[in-house]
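Heads up, the next two complexes both have chain A, just with different partners, chain B and then chain C.
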Partner chain A sequence: MDHLTMAIESSCDETSVAIVRNGREILSNIISSQIEVHKVFGGVVPEIASRHHLKNINGVADEALKVAGVTLDDIDLIGVTQGPGLVGALLIGLATAKAFAFAKNKPLVGVHHIQGHISANYIEHKELEPPFMALVVSGGHTSIIEVLGYNEFKVIGRTRDDAAGEAFDKVARVLGLGYPGGPLIDEIAKKGNKEAIHFKRVYLEKDGFDFSFSGTKTGVINYLNTEKQAGREINIPDVAASFQQAVMEVIVRKAVDAAEKLGQDKIVLAGGVAANSSLRTMLENACRHKGIMLFCPSTILCTDNAAMIACAAYYKYKEGYLDDMSLDAFPNLPLE
Partner chain B sequence: MVKMKEATIKEESGKAISITEVIIKDESETKQFGLNLGKDLKKGDVVALIGDLGTGKTTLTKYIGEGLGITEMVTSPTFTIIQEYYSGKLPLYHFDVYRINDIEEMAELGYEEYFYGDGITIIEWADKIMEIIPEHAIVINIEYGKTPDERVYECTF
Partner chain C sequence: MYILAIETTGAAASVALINEEGLISSEATGERLNHLQNLMLMTEKLLDDSKLSIGDVSCIGVSEGPGSFTGIRIGVSTARALSQALNIPIISVPTLKTFVYNIDHYKGIICPIFDARRNQVYSGAYVWDRQGINITEKIKGDAYSILEIFEELEKSTTGQDTEIMFFGDGITVYEEQILNWAEKVSASGLKVTFAPENIRYQKASSTACMALELFKHDRATSYENIKPVYMRQAEAQRKLDEGILTAYK
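On to the complex of A and B.
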């Protein structure tokens, strides 16, 4: 008997609704920043404004049901991102999920956004099962998480200041590359020399797995200021490549060290920055060298999307998690 | 010891406001400054931080938080715009309004409940929302100094 989960994701800039069969098979995954949906709504969804989620959510939900070829009555479970994220944005998703659950008398499960990102890999890799080491890198998060079960997590390391994606955005801004910084730096770095400038690698404590990217970001800014004052021309591809190398080297080293130290033979990459080609290549090489299996989601599953939330909700529900109408948004929701 | 220089300037309205200039040599002095400020802050205080990328707004906020007795890790709130911390002597509401394009978006976030609430509010990129920064706010303008590590704080206290 097939089990259908409908899930809603609205924690940040993207409004997304998905229908997923048996936890791992996508029937539909509508994301409102996709061109098709922009056509439907006549414009790009601006960041942070919850009213735009409100405007879009019903249309996106209808589209998700239509593409999947099902109706609300066919749905067995409603999943929704509960946090972390922008509170106003989260509330729109929650209110919608609760309305569906209440009107159709369906079970409701709240999901942690990061659990969703990790779960994207269950959709991509049908054979993947916990335990493994997860490396979550996105605009808002940089964490190493030991995944002991579908619903059991241990945060091993996280950023103490900027998330990696955030550092990329900020450096892209000072280099005049625009937004979003990650893909732009990744692209221009391909034309640069990653050894041209040595930016500081911040490893913090020797045996710890926490990250700090603020110092590397400031290093780039200081370098640009010094060069400008000296009247020297700046080679943007070299700066981008060298900065990217400094950040990714630390991330890869820490992720591999964490897996080795805790005896995990699998690393699962997740989050928006998982699409970065330099990170993938470096991680692939490091994992091959150490005999660790690496799992990465496809680009569309790296971005914020509701299919990953549906997958996480399915495995929570299977293990007995259930929420009621008091389910609330938590902008700083912890994973553990 | 942190070097200070005081000056009084007159605003266009004729109201005098005093500006204290503080030279911060490196991060250890940021820490000293932040810890002291954090200890002095009272319920309802608002700290408005202005300064370019890499001037250390989040770093200063971490130390102010430490001065308030916050034990959680204070990280950059760029992603969620607001981060709330409750482990200190007073709640800390940490804003990064860089991505705010319109004051209306601040209204949607319910900023008044924070700015005029019972905790401490620290706002990074405050210059983007100057028209809604409360009059009683402490404004700290951060500039780069003579060396890569040096910063100059211009404070309205």
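On to the complex of A and C.
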């Protein structure tokens, strides 16, 4: 018997609803992005995001059902992101998921957004199973997580200040590139020399796996100020490439070190910044060198999407997790 | 025929069931501002206590706002999703007007004021005409300063001996100003009172009464047509429009 999960994701600026068969097969994955709406503000405005989620969610759900060729009655499980994220955005998805589950008397499972990002890889790579080391890099997170089971996580390292994606947004802003910063820096960096300027690599404690990117970010700002004061012209592609190199070098080194130290032979990349081409190339090279298998999701599964939430909900449900009608939003939900 | 009414625009949330005879049962929470967690639980209990299931509900009524932005969104998204999943119609109920149903056969002017911060209230003024949707709107529901409300009330009552009853959480903020104004206008025949605590705030039983009237007047529609009524732009949007904030390239 096929098992159908419907899931809703609305933690930041994408409204998404997906239908997934047997945990790993996408029947539909509709994503309504608000990037254009927030561009003019240079970042996501929570109140505006909430308003757009509410405006869009029912239509997105309707389309997800239509594309999958099923009705709500056919659904066996409803999954929904319950955190972390913007509380006003999360609650639109949660209220909708709860109402669907209540109206149709379907089981309901709340999902941690990062568990969703990691699960995107189960959809992409049908053979992948835990345990493995996960590297999650996104607008809000930079974490190294030991994935011991479908629902068992150990956070090995996390950022102490800015997430990598945040640092990219801020540097893109001072470089006058626009928003969102990640893809813009990635693109322009291709025309630059990554060794042109040396920005500080922050490794924090030796043997530790936590990250700090604010120093590297400040390094870029200071460099730009110094050059401006000296009246020198700034080569933006060089700055972007050198900054990106400084950030990615630390991330890749720490991820590979963590896998080696804990005896994991697989690294799974996840999160919005997982689409970054330089991160992928550097990680591929490092993994090949160390004999570690690397798994990456396709670009569409790197962004916030509901298919990954459906997959995570499916494996939670299979292992006995179930929520009731009191399910609430947790903007700072911990993974462990 | 049962309408399930949802009210989440204020500090306390409530749900109510009404049938065509106007018989009501309702469920409220004493807990403040935890609507997402409580709303479906209250609905579950209300239906259980009424020996009904969600499948027996034939229409959803939802308090559309104004009020707390978050509260409005929880109510509207829940109502729309229920309507979509159950394939039943939905009725959007203007929150300010529902206060007419908080007090039976009141002859004076009903004036709800919700604290909207930034020195504003969401407010309007209404007179119960006959039973029905024939509510006379003395002041159109919108965001005003309290002084604008005083002015509008004076304008719409010139030369009449009438009573005005204030409702809503704005009373807490503006009580003193209202009392001072009341003293000033008492000479011209205006009598000002505050609604007693038990009927002062939004409640789903009133949403249900108004929803039933609107239902009888064929105002039920598809969930696609239901929009929240914020009565105010997002702060960042306002700043952008007023040039306080410059657009990011």
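By our rule, the second predicted complex is superposed on the first by the 321 of 336 C-alpha atoms of A that agree within 3 Å, B and C clash if a C-alpha of one lies under 4 Å from a C-alpha of the other, contacts with A are read in each partner's own complex, and residues count from 1 in each chain.
As a working rule, a contact is a pair of C-beta atoms (placed from the backbone, for glycine too) under 8 Å apart; a residue touches a chain by one contact, two chains touch by 3 or more.
What you are looking at is a predicted structure, and each value in this text was computed from that prediction instead of being measured.
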By the touch definition at the top of the document, which applies to A:131: first (chain B), second (chain C), both, or neither? neither
Using the touch definition from the top, say if A:57 reaches chain B (first), chain C (second), both or neither. second
With both complexes superposed on chain A, which partner does A:328 reach: first (chain B), second (chain C), both or neither? second
Considering only the touch criterion stated at the top, classify A:160 as touching first (chain B), second (chain C), both, or neither. first
Once the structures are superposed on A, label A:98 by its partner contacts, choosing first (chain B), second (chain C), both or neither. second
Output check: A:221 vs chain B and chain C. Expected answer is one of first, second, both, neither. What do you get? first
When the two structures are overlaid on chain A, which partner does A:176 contact: first (chain B), second (chain C), both, or neither? second
After lining up the shared chain so the two structures overlap, which partner does A:139 touch, if you call chain B first and chain C second: first, second, both or neither? first
Given the touch rule stated above, what does A:85 touch, chain B (first), chain C (second), both, or neither? first
Determine where on chain A the residues touched by chain B overlap those touched by chain C, and list them. 47-48, 50-51, 88
Using the touch rule from the top, collect the residues of chain B that touch chain A in their complex. 52-54, 56, 58-59, 62, 73, 75-76, 78-84, 99-101, 105, 108-109, 144, 148
Within their complex, chain A touches chain C through residues 39-43, 45, 47-48, 50-51, 54-55, 57-59, 61-62, 72, 88, 91-92, 94-100, 102-104, 176, 178-179, 325-329
So, in the complex, the side of chain C touching chain A is made of residues 34, 36-41, 43-44, 54, 69-70, 73-74, 76-82, 84-86, 223-224, 227-228, 230, 234-237, 240, 245, 247-249
Chain B contact footprint on chain A (complex, rising order): 12, 46-51, 84-88, 139-141, 158-163, 166, 169-170, 173-174, 214, 217-218, 220-222, 225-226, 331-332
